[in-house]
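Got a structure for you, written out below as structure tokens; questions coming shortly.
In this document, chain identifiers A, B, C and D correspond to the written order of the chains, with residue numbering beginning at 1 in each.
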Amino acid sequence: MLTMLKNAILNLVKPSATINYPFTPIPSAKEARGALKIDGPLCIFCGLCSKACPAQAIQVSRADKHWEVDPYQCVNCGACVDVCPKKCLGFEEKYTAAAQKKSNVEFNG
Amino acid sequence: MRTEETKKENLVAQAYEMKKEGWRLVCITGTDLSTDSEQKMEVLYHFARENEVRHLRVETDGTENYPSILSAYANALFLENELKEMLGIPVDGIKGELLLRLEDEVKAPLKRLRGVSYETREIKVEKNAEVAPQ
Amino acid sequence: MSCPMSICASAALPAILLLLSPLFGGLLAGVDRKLTARMQNRKGPPLTQPFWDIFKLLGKQSMVSNPAQILFAIGYLGFMILALGVFFWGGDLLAIVFLTTFASVCLVLGAFSVRSPYAYIGGQRELLQLASFEPVLIAAVAAIYLKTNTFLVSGIHGGLMPYLIPSLLALWMVLPIKMRKSPFDIATAHQEVVKGPFTEYSGAYYAVILVGEWLELLLVLLIITLFVANPWLKVLIFVGSLVGELLLDNACARLNWKWLLRYSWAIALPMAVIGIMVSSDVFRALINALSAYIYIGG
Amino acid sequence: MKTVIPFGPQHPVLPEPFHVKLHMEGETIEGLDLQVGYCHRGLERIFQTDYKKVTFLIERICGICSFLHTLGYVRAVEEIMELTVPRRALIIRTIMAELERIHSHLLIIGLYGDALGYENYFMQSWRDRELVMELLEYISGNRVNYAMNQVGGVRRDLDEDRVKAAHKAIDELEKRTGDISKVLLNDVSIKLRTQGIAKLSKEDAIALGTVGPVARASGVAYDVRNTGYLIYPELNFKPIWETAGDNYARMQVRIRELFESYRMVREALKLLETEGSGEIMLAIKPNQRPNGQAFVRTEAPRGECFHYVKANGTPDLERVRVRTPTYANIYALTKMLPGADLADLPVAVVTIDPCLSCTDR
């Protein structure tokens, strides 16, 4: 009881441990797997990423030269990054921000 | 992993014996091995005692009554329930009131229908397809 | 009293205070939440959060499972307003005590009127809390009466201390019960009974109950300020009681109802009785006789 | 007066859905019926797919012990494929597993405070847990589902910076856990509420097949880490156990395990430093596919976790079976609770550390 009483009094003068989200952005670690991004021009639309994706979040169409990911279905595992032959996939350190509408990230070559 | 074959008639007696020897029931795994020509399921009983493990294997066709080892091992309750719900094996003593709540229309999701692969076993929804006017 | 202006002022001030009391109560609840958050090393909601809560609740659908519930919710708030009014107009302390009791009884009846097990258990626990808090409060009021020979709030002047220290201590002991804070927040323990007697209220009726709770908190703290005379001391004791209570809340787990009864009947109530004895003339006469005896004997 | 109280599937103290029908006599619990299965997701069916994808999917069984699920699964597949995992990968796996145990134990210690109505204590332990979450994010790239394991090794190496950060975080965590443990073990109000309540005897613990801290608090000194997987034998692991079997003992086991974990993480980090860099992943040829079956036991934060994998030589697996610790532990509630107060129910539920998304899969 006394330990917590001491802590409670000390906490009054300490800066708070929580942040004012969403006005203050969340800090993310170095090389964190935040959101999937594509370095477009390198992509050859081979479709390996789509096959490796365990969450079936990536759609690739070779004929239309179209690459598309659903960031809300993506589980940030990085399986697609591992298999990409052109190394054009990668992760941003920032997390996908809260949004009012779901929309896919698309790339057309 | 080495498994010991046993018959389902001997299962309960064997379970009692293993309990006496201090084996702990870890899990029950049911797998459907059916092919187009025959219906076959295997049920594995995994036991552990300190660092040793033992596996009993029982084969069944998944339609006849199946013995329950609940009297020997109290923790078999959930496991046998799951056996019944996932594979449709009629385990003795498990009544209608089931512990795992699946949606009503899903029956035995891990059961393989003969001659039908998993992929084509999607629940068919009656589509009100518009009939093209003649 | 001859000047009409003074009569007018003396009638208007309590009315203004009463009108502003929901504002005070809401801010008090806001301070409560902010301080609790800071003690837990959190940022906490803005001070105006309780008012936003009320606005939000007013915009929600108000479901009632029993029409009697509405009556009891309004009854709870109504009795609280009455009790506060009596206090501001300098009325009878005993009346205030009984009005707050009625308010709590309304809460219990509202809980019993619905067929929800959580509300039911919450109601039972609220009754237990009532049984633990009320005797101590009544004893404290009795002690004040013995010291001042009046039950009127306006009649209490001057230093009631130090004879009333045991009564004040007893009141402080049972304060967590009334403020619904650890260690004795058993009636509204959300981990056990969801929200106890409040479980079945929603929307505007829950807003009514919440305002009633603010007023209850305000009233209890105001009664405590009666023990001191100096206005600065009054403010100090008001804030001190709140902060002290919050510190206790943050340094203690919730106990169960058995401990509540043991604590309030075996520790707080005897303390309140001591308070009565200390402030009574009989006690002083006894002390005098004893000292005289010792003096003579010595 | 006899009443029946429904507790769950939605209740403020339960983050996850299960239902308890309480038969009460006044405020005393006389008996209870238990019902689980409200969040069944059919994962075992989904696992009948490419064995490489399953590594990422099996993490999704549970957010808190996600690493342990991949660990168990990957060990099973490696046993089937007869792979020898590089030593550095084993050390990193041990570190991750122990960090995850720290994270899980701090979480439940916080929830325990919440169930007791001890808000400040709850907030404090969750604030401290943030340290280990940040460390896990720094090491693996994700806060919760780490995607760290892969058949044949681990996907990320711990470089010097990360080892340094881990040492720093562990030192700070140990200091702060000391503070928490003082409260958890010595606080008067907590002791009044938990000692001697919801007891589980040693006989019942064995008969009901309980595992993990629940069993260890009842005097069953059984810990799967003793079977010697990963590099636990090198770290001189010893199981921690108590004999009281009540709510207090169950949390006591957890807090003592935390200190044991800190020690082991430190030693494993030292091993990483002294042995220098090395391979962390075995290359697997595309035509190398699992064929056979394996049974693997892993000690998750909540107790023994079991994985069974059956493969048939195609990339798609035939059967993956998971028996999670809560599955074994939750039934013990029916033995623990009769005779206890309603107020003790949330506390007892928290001390078995239920994870229903694990249980239902």
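We take it that contacts are C-beta pairs under 8 Å (C-beta built on N, C-alpha and C of every residue); 3 or more make two chains touch, one makes a residue touch a chain.
Keep in mind that what you see is a predicted model, and the values were worked out from it rather than measured.
Asks: What chain lies farthest away from chain D once each centre is taken as the mean of the Cα atoms?
Replies: Ranked by distance of C-alpha centres from chain D, the top chain is C.
Asks: For chain C versus chain D, what separation do you get between their C-alpha means, in angstrom?
Replies: 45
Asks: Roughly how far is chain B from chain D, centre to centre by C-alpha average, rounded to an integer in Å?
Replies: It comes to 26 Å between the two C-alpha centres.
Asks: List the centre-to-centre spacing of chain A and chain B in whole Å, with centres computed as mean CA coordinates.
Replies: 39
Asks: Roughly how far is chain A from chain D, centre to centre by C-alpha average, rounded to an integer in Å?
Replies: Inter-chain centre distance comes to 26 Å.
Asks: Give the residues of chain C touching no fewer than two other chains, as numbers and ranges.
Replies: Residues 39-42, 250-252 of chain C touch two or more partner chains.
Asks: Touching at least two other chains at once: which residues of chain D meet that condition?
Replies: Within chain D, residues 118, 120-121, 124, 127, 187, 189 contact more than one other chain.
Asks: Hey, what residues on chain B touch two or more of the other chains?
Replies: In chain B, no residue touches two or more other chains.
Asks: Provide the full list of chain pairs in touch.
Replies: A-C, A-D, B-D, C-D
Asks: Which residues of chain B touch chain D once you look at their complex with the stated criterion?
Replies: 1, 24-27, 29, 31, 44, 46, 48, 50-51, 53, 55, 73-75, 77-79, 86, 98-102, 106, 109-110, 118
Asks: Mind listing the chain A positions that touch chain C in their complex?
Replies: Spelled out, the residues of chain A in touch with chain C are 1-2, 4-5, 8-9, 11-12, 14, 16-20.
Asks: Along chain D, where are the residues that touch chain B in the complex?
Replies: 34-38, 40, 42, 44-45, 48, 79, 206-209, 222, 226-228, 292-295, 297, 304, 306, 308, 310, 318-319, 321, 323, 327-328, 331, 360
Asks: If you look only at chain C, which of its residues touch chain D in the complex?
Replies: For this pair, the touching residues of chain C are 36, 39-42, 117-118, 120-121, 182-183, 185-186, 189-194, 249-259.
Asks: Going by the contact rule set out above, which residues of chain A touch chain D in the complex?
Replies: 1, 3-4, 7-8, 17, 28-33, 52, 54-55, 75-79, 82, 91
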